[in-house]
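What follows is a single structure, written as structure tokens, with notes after it.
So that you can tell them apart, the chains are marked A, B, C and D in the order they are listed, and the count of residues begins at 1 in each.
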């Protein structure tokens, strides 16, 4: 693929990943087993899907803190409808629609009222979380139809269905970002909003799309997660908020906007997944796990940034 | 499996930080496992409500190929798929503290635990008795979405049902002292006439006591759940009326005993699916 | 066009525009006074002030960090670490109180120093640095405490935070003093000016002779230092030292306070009055929720919606002004 | 007689907020009763002092902001533009005074922003690159359309901006100081383009403070002063002094004065400094009371040299001596304390904090000196800022005005004011008069001369040759990151001579 050029800059991330795998593989028996690797990818798929939307949001200098609540709420809507006997596609559609609507609401607040994304998304997340609890009086639900659970837990050709869905999301988002007008506008808006406006491009469209899409991704992640667990838990979204943002940043998405690639956010998600898996497999005490997680996140991003700076210095003309 | 090294047993639970009771279970499982010559791994989800984290962790354990798993499920449904995977992989599982949905008894050897609803129920009954069947009480709940906390509060409400005791305030303390303190303070502003208080866990008692103390309400009868060492002190000092003691040691020893038997290939068909580790209400008189 | 004299009304307008959280707070307080039973009572106000005093200290810390365009997600965990540290030192080890406090404050400074160095020197985005150090600090706090808490702290230690002077307890007074100092620092000293400049345009600030490197690191240190103070006071208030004090939720509450107070995540903007009233707004809201005994499941949603309404109102008002 | 295509009558504009709406209750007018018209196939030059309202008037034509009073007629019909897109749709292109590019996109993406070439659903990058390259080459610029705009120099960015606007089929093109950051050769190319456009019936509104350009390309000149229309003259009647007096309201004396005396003491000495791994070492010196000009083409590395001295860029070996003391690698704050300052060519990124007030910016570099005890004395600050405003004739509503809302030239004056306030001993000025009107320019030249008389050493980087020639005691010419020539004899200070060294 032409869009996936491997520049020097990206080489480092790949090198780190490879090195990580070799080291971990030799340290941990069973780490490099296909089963475990697929396991990791499946676990990371939730983070990766959320990161698809999050990448866009961060690129336009926003942030989406609604993951916690929206992820749970949409899954709850979808789950309750499933239990009511709705056909799977319809129930899922309802869940996705709710997520998209909540995202659009964020877009509306940001665009029309100029409310900081931080606040509106945090609030929408809180409201979603509250509703998720309220819908079923704080209890989890489960026992979904088999095809639905298959989507979360089943495999096709030995690969978890979740991974296909994740790849679909990453590829579609990536194409959208690199090959369509909207993608260019999203980057442009992260670079210089004034120009975008002067060019007559509607920032409303971009805001609505980006936040709406993020809501859509979050909803999809929530639905997929409840397929994986065969359960909807009203607070199941909690671990994914910071993980998704961290995945983006580890993958080189700049918090200052205008920069980032979905492929690398995926790698970021995988790095998080690998690291959690490895620490569990190594049997490290939870207290020390926290310390490792912290150090690894910082070190990876530091290396990435160091590399970037070097490439910039070397590109100086003369 | 290398016989010389002994089997590997893992314990997965929500957290052991600032939860004396969870820590006690973990300690007892670890001690029992070591005593049985097993290699022990502890995994915690960290957050109280991160159910999917727990599921991933158990998946990792299965992938790693541990020989037995002790599980304190954070949600009664969410762990079912992963327990199915454990079963496929032939890894025996014992549940402690919390059980899973009815109808999945084939997925685990046995569940050893306290009946949370019952603990709350006894606390309710006790409080009703102490207050003479009437009075206003406050409830400080756990974090929203925690089924153990919900069951205890539900039990408590069932325990006081039919008496003239009124729940005038019920707010979440998030298993945290500072939050519990703040909600207690605020609830006291709305209801100064309080005779009793129920909290879903000992872990919030410090904050609650301080709030009551600051408001000059020293005669409020407090009932709690867990029966940790700290609370025993408080009961002795008369600050807390009683706590529903659970028996983490029983859970740990029993769980490892069962697992070791299963690992050694014993016939497990005679093991009951529920083993009550017991609850007693500790009060100043019982200490 | 000549320099126009600022009219009084113009001054008021500017104040309101710059300190929107004061308006939000007043509106909320008035509505609550009318509609929430038991809200309008001196005792209740004192309760709210006591509850707000400690987060205000932390919020002023994070305000500085936000002004640089950074963020400190480790704040809540630093609070936990400092809480368990002071508890252990005072009760577990039995060091003299002043020494325990001194060491705890040093721990705070150290955490801030590490955050600052990583942000400034290693150039890792603050979001990631503090996310990472948050995990690390939490891990350390857990190890230090081996997961358990320390309660029933010595009375002479608690006296530092709970003694009443002129009807207010020392915690509130300490918080007040910190507000005044921070007000001076932020709005009357070259430090605050440099901070704003740095937050808006780091390059220009550096080339104008502001020691931005030092400034950036010191901001994280001040923040963590204030958090350490907050931790000590919170430990005293709750009468319990534990590593889970604070945590991620606390961090977000404090940041939300600052944002309601008008601080910008992109740097440059932040005020003491804004942040103080931002926290007060949140505390009034939580107080009302408890007073009304709002169903615990709608707690979050309710809180969120009110904050959003308030901010929408504020923004609309700003356009009209 | 050419046909009038655009006409503006009695335009008034009050100071406005970010949406272009007048501030509530304001009576401050930026434009008052202004008349302006454009004829077919003409270059209409608009001049006026900084803050006269030129850019504001253009923003109204460009649909960025609406006029509060008055009407605009296009082809004889009253028209209002709801936004820049509408203006563009009516064939009006706008090259802004401030760069308006997305730094994180490449050249082609910037040029085609908003009208990307598409193949079915997807953008057709290949054809965009080809088209962009052709366009750039046709206009005579060799810039790779795949480069990120961030990696271009200011001048190259300006060119991209120009090419972008030219690529639309416009009948009227507004150029707001397009040459402010260009050097001679680019300017020549631009003028050729302008002539070409006019021949093809396109009208151009041209704003510039460089008077020597006007005669070359202008057909008519309109003068604004303090937001009011003063008059329009044909280029045949162009008379420098007349225009100046229309602009300023009085006559202007000689532009360049030289009352300073070069002294022997060497203040700055650069020995063997290399600004890049593969450039020749640079040797130069500046003496007390001396104004040294540093000339060269865009990309010659003058800015890099300045920044290397000022500690805001890494360099590759060499010594930088200030009063005999090595200052290489020192922090700007230490340098400022010692009296070394560098005025950046990029006022938006490095010169100003645009979101802060004029007063805050003026005192920014002197905070430590003015308030050693760190407590800010607001009254004194206001007085100091006001003095600077008066001295440099900065047009502003108050010392509290946010720099963002100042006119481009006035922003530049604020930067100059900031540095003058630090009491420097060595001034490195990088394009100090970029975007500044003639009147203010002559003021700044006077100030430079005065400073030199007081023994201050001045290294002046400039792309305006008249300025270099008029002010310098000595001239260095840079080429490809190294010094190509040193001119010491004032008789050698002629444009052709200097240019010959740059090529």
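Convention: a residue touches a chain if its C-beta (ideal position, glycine included) is under 8 Å from a C-beta of that chain, and two chains touch if they have at least 3 such contacts.
Everything numeric in this text was worked out from a predicted model, so none of it was measured.
Between chain A and chain D, the centres computed from C-alpha atoms are 44 Å apart.
Per-chain CA centroids place chain B at a distance of 70 Å from chain D. Once the centre of each chain is set as its mean CA position, chain B and chain C turn out to be 33 Å apart.
Not a single residue in chain D touches at least two other chains. Among all residues of chain B, those that touch two or more other chains are 16, 144. Among the residues of chain C, those in touch with two or more other chains are 142, 147, 297, 299-300.
Viewed as a network of touching protein chains, the structure does not reduce to a path, ring, star or complete graph. Pairwise, the chains that make contact are A-B, A-C, A-D, B-C, C-D.
Within the complex, the chain B residues that touch chain C are 16-20, 23, 141, 144, 168-172, 174, 176-178, 181-183, 185-187, 189-190, 203, 206-207, 209-210, 230, 233.
Considering their complex, residues 73, 118, 122-125, 127-129, 131-140, 142-143, 147, 248, 252, 255-256, 259-260, 264-266, 295, 297-305, 307-308, 311-312, 315-316 of chain C touch chain A. By the touch criterion given at the top, residues 37-38, 41, 43-44, 47, 50-51, 142, 145, 147-149, 151-152, 234, 237-240, 242-247, 249-250, 286-287, 289-293, 296-297, 299-300 of chain C touch chain B in their complex. Residue ranges of chain A in contact with chain B, taken from their complex: 28, 30, 33, 35-36, 39, 43, 46, 133, 138-143, 149, 152-153, 225, 228-231, 233-236, 238-239, 276-277, 280-281, 283, 285-286, 290.
For chain A in complex with chain D, the touching residues are 175, 179-181, 184-185, 187-188, 190-192, 194-201, 258-259, 313, 315-318.
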